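Just so it is clear, A, B, C, D, E and F label the chains in written order, and each chain counts residues from 1 on its own.
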Amino acid sequence: MFKTLVGGMLLTLLPLVAAADELDSGDTAWMLTSSALVLFMLLPGLSLFYGGLVRSKNALSVVMQCFAIGCVASVIWFVIGYSLAFSDGGSMNWFIGGTSKAFLSGVSFDSMSGTIPESVFIIFQMTFVMITPALFVGGFAERIRFSGMLLFSILWIFAVYLPLCHWVWGGGWLSDLGLMDFAGGTVVHISAGVTALVAALVVGSRKGFPRSPMPPHNLTITVAGAGMLWFGWFGFNAGSALVSDGSAGMTMLVTHLAAACGSLAWMTVEWIKHGKPSVLGIVTGMVAGLGTVTPASGFIGPIGGVALGVAGGVVCYFATQFIKRGLKLDDSLDVFPVHGVGGAMGTLLAAVFGAAALGGVGFDRSITGQLGVQAIGVLAAVGYTALVSYVIFKIVGAITPLRVDEEEEDQGLDIVCHDERGYNF
Amino acid sequence: MFKTLVGGMLLTLLPLVAAADELDSGDTAWMLTSSALVLFMLLPGLSLFYGGLVRSKNALSVVMQCFAIGCVASVIWFVIGYSLAFSDGGSMNWFIGGTSKAFLSGVSFDSMSGTIPESVFIIFQMTFVMITPALFVGGFAERIRFSGMLLFSILWIFAVYLPLCHWVWGGGWLSDLGLMDFAGGTVVHISAGVTALVAALVVGSRKGFPRSPMPPHNLTITVAGAGMLWFGWFGFNAGSALVSDGSAGMTMLVTHLAAACGSLAWMTVEWIKHGKPSVLGIVTGMVAGLGTVTPASGFIGPIGGVALGVAGGVVCYFATQFIKRGLKLDDSLDVFPVHGVGGAMGTLLAAVFGAAALGGVGFDRSITGQLGVQAIGVLAAVGYTALVSYVIFKIVGAITPLRVDEEEEDQGLDIVCHDERGYNF
Amino acid sequence: MFKTLVGGMLLTLLPLVAAADELDSGDTAWMLTSSALVLFMLLPGLSLFYGGLVRSKNALSVVMQCFAIGCVASVIWFVIGYSLAFSDGGSMNWFIGGTSKAFLSGVSFDSMSGTIPESVFIIFQMTFVMITPALFVGGFAERIRFSGMLLFSILWIFAVYLPLCHWVWGGGWLSDLGLMDFAGGTVVHISAGVTALVAALVVGSRKGFPRSPMPPHNLTITVAGAGMLWFGWFGFNAGSALVSDGSAGMTMLVTHLAAACGSLAWMTVEWIKHGKPSVLGIVTGMVAGLGTVTPASGFIGPIGGVALGVAGGVVCYFATQFIKRGLKLDDSLDVFPVHGVGGAMGTLLAAVFGAAALGGVGFDRSITGQLGVQAIGVLAAVGYTALVSYVIFKIVGAITPLRVDEEEEDQGLDIVCHDERGYNF
Amino acid sequence: MKLVTAIIKPFKLDDVREALSEVGVSGMTVSEVKGFGRQKGHTELYRGAEYVVDFVPKIKLEVAVSDGDVESVVEAITNASRSGKIGDGKIFVYNLQQVTRIRTGETGDDAL
Amino acid sequence: MKLVTAIIKPFKLDDVREALSEVGVSGMTVSEVKGFGRQKGHTELYRGAEYVVDFVPKIKLEVAVSDGDVESVVEAITNASRSGKIGDGKIFVYNLQQVTRIRTGETGDDAL
Amino acid sequence: MKLVTAIIKPFKLDDVREALSEVGVSGMTVSEVKGFGRQKGHTELYRGAEYVVDFVPKIKLEVAVSDGDVESVVEAITNASRSGKIGDGKIFVYNLQQVTRIRTGETGDDAL
């Protein structure tokens, strides 16, 4: 039990203390694998998932955005990101880390982080900073200009991701407060989801929305991407244990159950409400289940996995309808209702299903006490992200136009921004 | 040598005894990875493989069936499946396990199964119950109604998969008898193959079969799916060792050789018989080689891997011709001749190439003695599956129509069952 | 530090000495995973990457070539290849190994190679002999005849790959000389790149080149393949450490940084020179960065990874322009400028960034001394490959026509060589 | 000469081609089109957004025939493609001024 | 009867279809074509190889109408698809000798 | 005015377009079609099931020209697309009643 807590909640401390642990080759093997798995979630997983969902003329633009963001984020992580997230920030440590590890200085072949080499911890965490901004690409898809998008993403990583990551996992104030976020309900899913919503507001709807249908151009690659996401999410969540033991195993098990239950829940609601279940529905439910279970995944038992999956599938379905049909906000690929809502719900419910009585690992506080902490975490992540990403959009928009003009939108971003076309059959 | 046997044949006992073993982080790392690999075989592997093989108008329906079956099977496994397969069934234990582990009760972060956490054993085995029924989707593809398909699959998991799994791996009568089935010749491939054949008979041929050509709509995704199957099969077979040692290594090696030889064998036969080798041929040979080696994979040496691969490629080629051109049975994606025939052949040949003299791990009985046991296993799996799945089809057919009507078949299942289309280029 | 050297440079000796090491389940787990990852690079990774880049009518032919080469190489490896590469060649050992391990004789469940089972070492190295000849498929794509291609590849594996592999990793003369080639700058990338260039010269340009545009037919699958290559390359490079420790971790980290920097470097150059960045550009830069870092990946630190990535992206960009636009050589998928040039550059730069002063593992010689050794290695690999593959092309061309005739080229290789078509939407 | 153009249901193409062979037509050109008419389209659903697709897939068949053959060709197509359900399609006949066979330069009925 | 064929910009299709409904046209056939004309194409770039694609995607619309309706139909299409920019497209009108509705065998204006 | 329609082999399109430029044709519309005729199709094989595909890929080219240009256009197409092998294709010429340029509303020869 204790090891689980180390693996999950207290992981935040590991890179900070001079690790006296011996290297464990099994833990290292699992973390090397997990790093590869999370990379795979983005490339090609998310790229295909998103790429298939847009219209043919914009397919490459979305894929390109995911790819470029991943590369830029990697370089930032190397230059200063890892340091700002995971090194000691001195008097500012409640907010952000320091610069002592800039350019990964001092990281050698022998540096350790818990039972694994520090290099492995660095690459594992690097995959998280790669995928998070790529998630919000779904919010402004099919109309954003590439250069503005790239500039926004760079600023966002500095101003939103790195602070949040430090708060929660790097020894900042939310970590001090005892927030339970195993693999990124606040840091990843809320931050990406909220940013996508802000993007939809600032950038505006796609031309023709909501009157004209904008059906996915290639659902077989979307489903392929969905399967890759499920596969990679095993590394995302079970890798967040940072060890290869029962805590990783249980995390994988509950993650899987949440994916399956989220899928079936969305499918069922759609079947009832619309009369037919769809493949886009079932894979969206899968993402909703996975996003919801993520923050709780290392703290709960199988029952919790099932409950969070069902909650994700059902609630995110209605959230999607509400945002898109109700509010008529063109968060194109529904990032907010799926990731934002799911991530927030899962962060809160970690305090419920994480309780020992419900098969979880347990925590010191009462359930309501912990729920309060979780609520603070959710509110902080939502509020901070909304505010800062709005400001960044305004700054970037003042420097360079954020969206293409009408005629370009008709022609499609692939030709307009990249001089290439997806298909020549 | 002994450890190999424990990893393979005796694995059936592991979850039953209170495991006193210590956790091995390396074994656990490999089994976490293997679980992810087998999941990947289904999603997106098999989905793409099958999805590409049908006509464009039915592409999503096949993918949807694979996806939904995987989710439903996961939930069944959680609710009662794992318990029925792997817990002690008391006086009925020869046939089926008990209910003591329903809802995974008693499975905690610390529960062990051999040298790995029980949670990892559960998820690894869960991926098997997900993919097996998805295999027979190829038998009734392009004409089945989704709701009937789903109901059939649920009943089939209970009435066919769980008993078979218990017989062979969970301490049931075939396990007592000493049947060698390392990774699922009987439990997976025969059961799926025979069910597909029964499906073809009960549901009937596709409209226009065999007069009209029904070429695959997207062979690049089929080949992508094939590559994913090969990759994932490493987890399927080498993961069935349940440890990370020489037995897993040898299993991976022979699995690989069988895949390569099955591919080349099918390619060669096709080249001779038809004048040209095809990519659909080579990947089908790959699946045939892999399906054939599966039951034997942990018991044989490299020579055995090559032999079983060649046998799979050649025999399954002719079996496919016989079923489809000879008998004119519309097992649409040739599940029976590839998986059923391959799985049966491999189960039998495990008794030949598993012999120490041929580089295998050896067994107590004589070759013919063991061959007898294997034959009993094959006959039991074939007979039981055929009978029970026929009965389930009849029951489901009485409740809800199994296939769409003619006009719907013309229109395609994607629109008719799911209100969506695969492509909008 | 020492362990790293063992893992990398001295790995060549491991299979030769009777390994007294104990099996490490963590190392084994990582090497099982790495083997799967490298397989995945070829199938489906490279197949999709290449498949998407050619015109629709040739898509399957390229995929088929990759698949068939992989299978044939596996069988050769089993029959005699592993023995020729990694067993003792007696008096000829400077050039090639012996035949004592033909048909993997003597390889049992218990055979060890360092801390991992020999079976695992065999399968890991097998994936290298599979992918290397598949790389040069890009050189003669869209016009080669399948049978000539297959014959060429078989002879090439014997006459080029196995000697080179033995020279560098199997205890041959380059290994004696102290050449640093961690994961295949000479053995894999130079050999494949140079062969592709020779192929372009011998086989001749595609009909219409360079006047007619020959745009990729499916860039979404190309990007999918690129993502798979990145993912699989983690196994390719970090698996070449043969252990699961800090050396593997650092190798993965620098590999990743090189991929990201190569991508961004190519993108930036393209953006400056052409005015727009493209997705084909960014993924090509990724491959260039990865190919460049490969030979150095186990010897350098993060700074080296960044430097090699940038060098790869920029230099390979201009090399591509020079070969294709300048020399008008139709190396169809730019294998030489990307893999050949990148591999050579990385092999040389290993002597720079491998120096301890630049964060590398260090070596006994001075930088210039080591640079001399590296230059010898590069020249030997380039010269030997060029000569031998030219001769093989001439021999094969005398036996069977290497390319299809004009009308067949118009019709496309899929129909002409394989009687099938990629798509029926 | 006349050009007979027919818009038919996709799965009827094989039948029509056979019927045309029987009346001696040895050449034709087909293309994929989308039709809009009395036949209802279908509903599609993407994440809860339902919308109606009015266009249904059709095959367009073009056959150039000599004046004397028009009637038999139209009849052959009609019979082979009729299912009696809405959406069976239409046949249009145009006047053709001139036909040339590119390979030989033949014109007129010889070029058919 | 006449066949009115229009080559229009793809994103104008919905507007044109609505405009045609308003003038009472209930059937049409559309297909995807590529146009070459005054409208410039675009440049594509593949690994440094730039080339110009002159063909731009267009939609071809075919509407069979009775002689009296030609004018209103042409006008409806023109108005709905005009953006005033180069590449708006063309409308061609042909003579139609005969129309048959396959389902019923009706011919002439009744078949429209 | 006339509409010249040619069914040609796909890889001849570039040559034909250039030839048309040379005789002063500045606009055309092309589409992908499948042809059936004397030219043999090919065999396809899927898991041992061989079948013959009679339809071969062709390009259909439509060029509206003024009456006087018909001859030169037909000749240009013929020369540029002839390979002398079966399947080179056909050229059809129709009468065009009316042409409108949507952008300007111009009609007749001015609209071409």
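A few points about this structure:
By definition in this document, a contact is a pair of C-beta atoms (placed from the backbone, for glycine too) under 8 Å apart; a residue touches a chain by one contact, two chains touch by 3 or more.
In this text, all values refer to a predicted model and were calculated from it rather than measured experimentally.
When the partners of subunit B are compared with those of subunit E, the chains appearing in both lists are A, C, D, F. Hopping across touching chains, the smallest step count from subunit C to subunit D is 2. Listed options C-F, C-E or A-E contain a single repeat of the A-D interface, assigned here to C-E, on the basis that more than half of the contact pairs agree by residue number.
Looking at C-F and D-E side by side, the one with more C-beta contacts is D-E. With centres defined as mean CA coordinates, subunit F is found 52 Å away from subunit A. With centres defined as mean CA coordinates, subunit D is found 46 Å away from subunit B. Looking at subunit E, residues 31, 44-46, 50, 85, 94-95 sit in touch with two or more other chains.
Listed for subunit B are residues 24-27, 29-30, 33, 215-216, 218, 221, 224, 244, 274, 276, 278, 280, 419-421, 423, 425, each touching two or more other chains. Which chains touch which is summed up as A-B, A-C, A-D, A-E, B-C, B-D, B-F, C-E, C-F, D-E, D-F, E-F.
On the subunit D side of its complex with subunit E, the touching residues are 2, 6-8, 31-38, 54-55, 58, 60, 70, 74, 77-78, 81-95.
The residues of subunit E lying in touch with subunit A in their complex are 9, 11, 14, 42-46, 50, 85.
Taken together, the subunit B residues at the contact with subunit F in this complex read 210, 213, 215-216, 270, 273-274, 276, 278, 280-281, 284, 317, 320-321, 324-325, 334. The part of subunit D that touches subunit F in the complex is made up of residues 3, 17, 26-31, 64, 94-103, 105, 111.
Subunit C contributes residues 23-30, 32-33, 35-36, 39-40, 42-45, 47-48, 51-52, 59-60, 63-64, 67-68, 70-72, 74-75, 78, 103-104, 107-112, 116-120, 122-123, 126, 146, 218, 221, 224, 244, 417-425 to its touches with subunit B in the complex.
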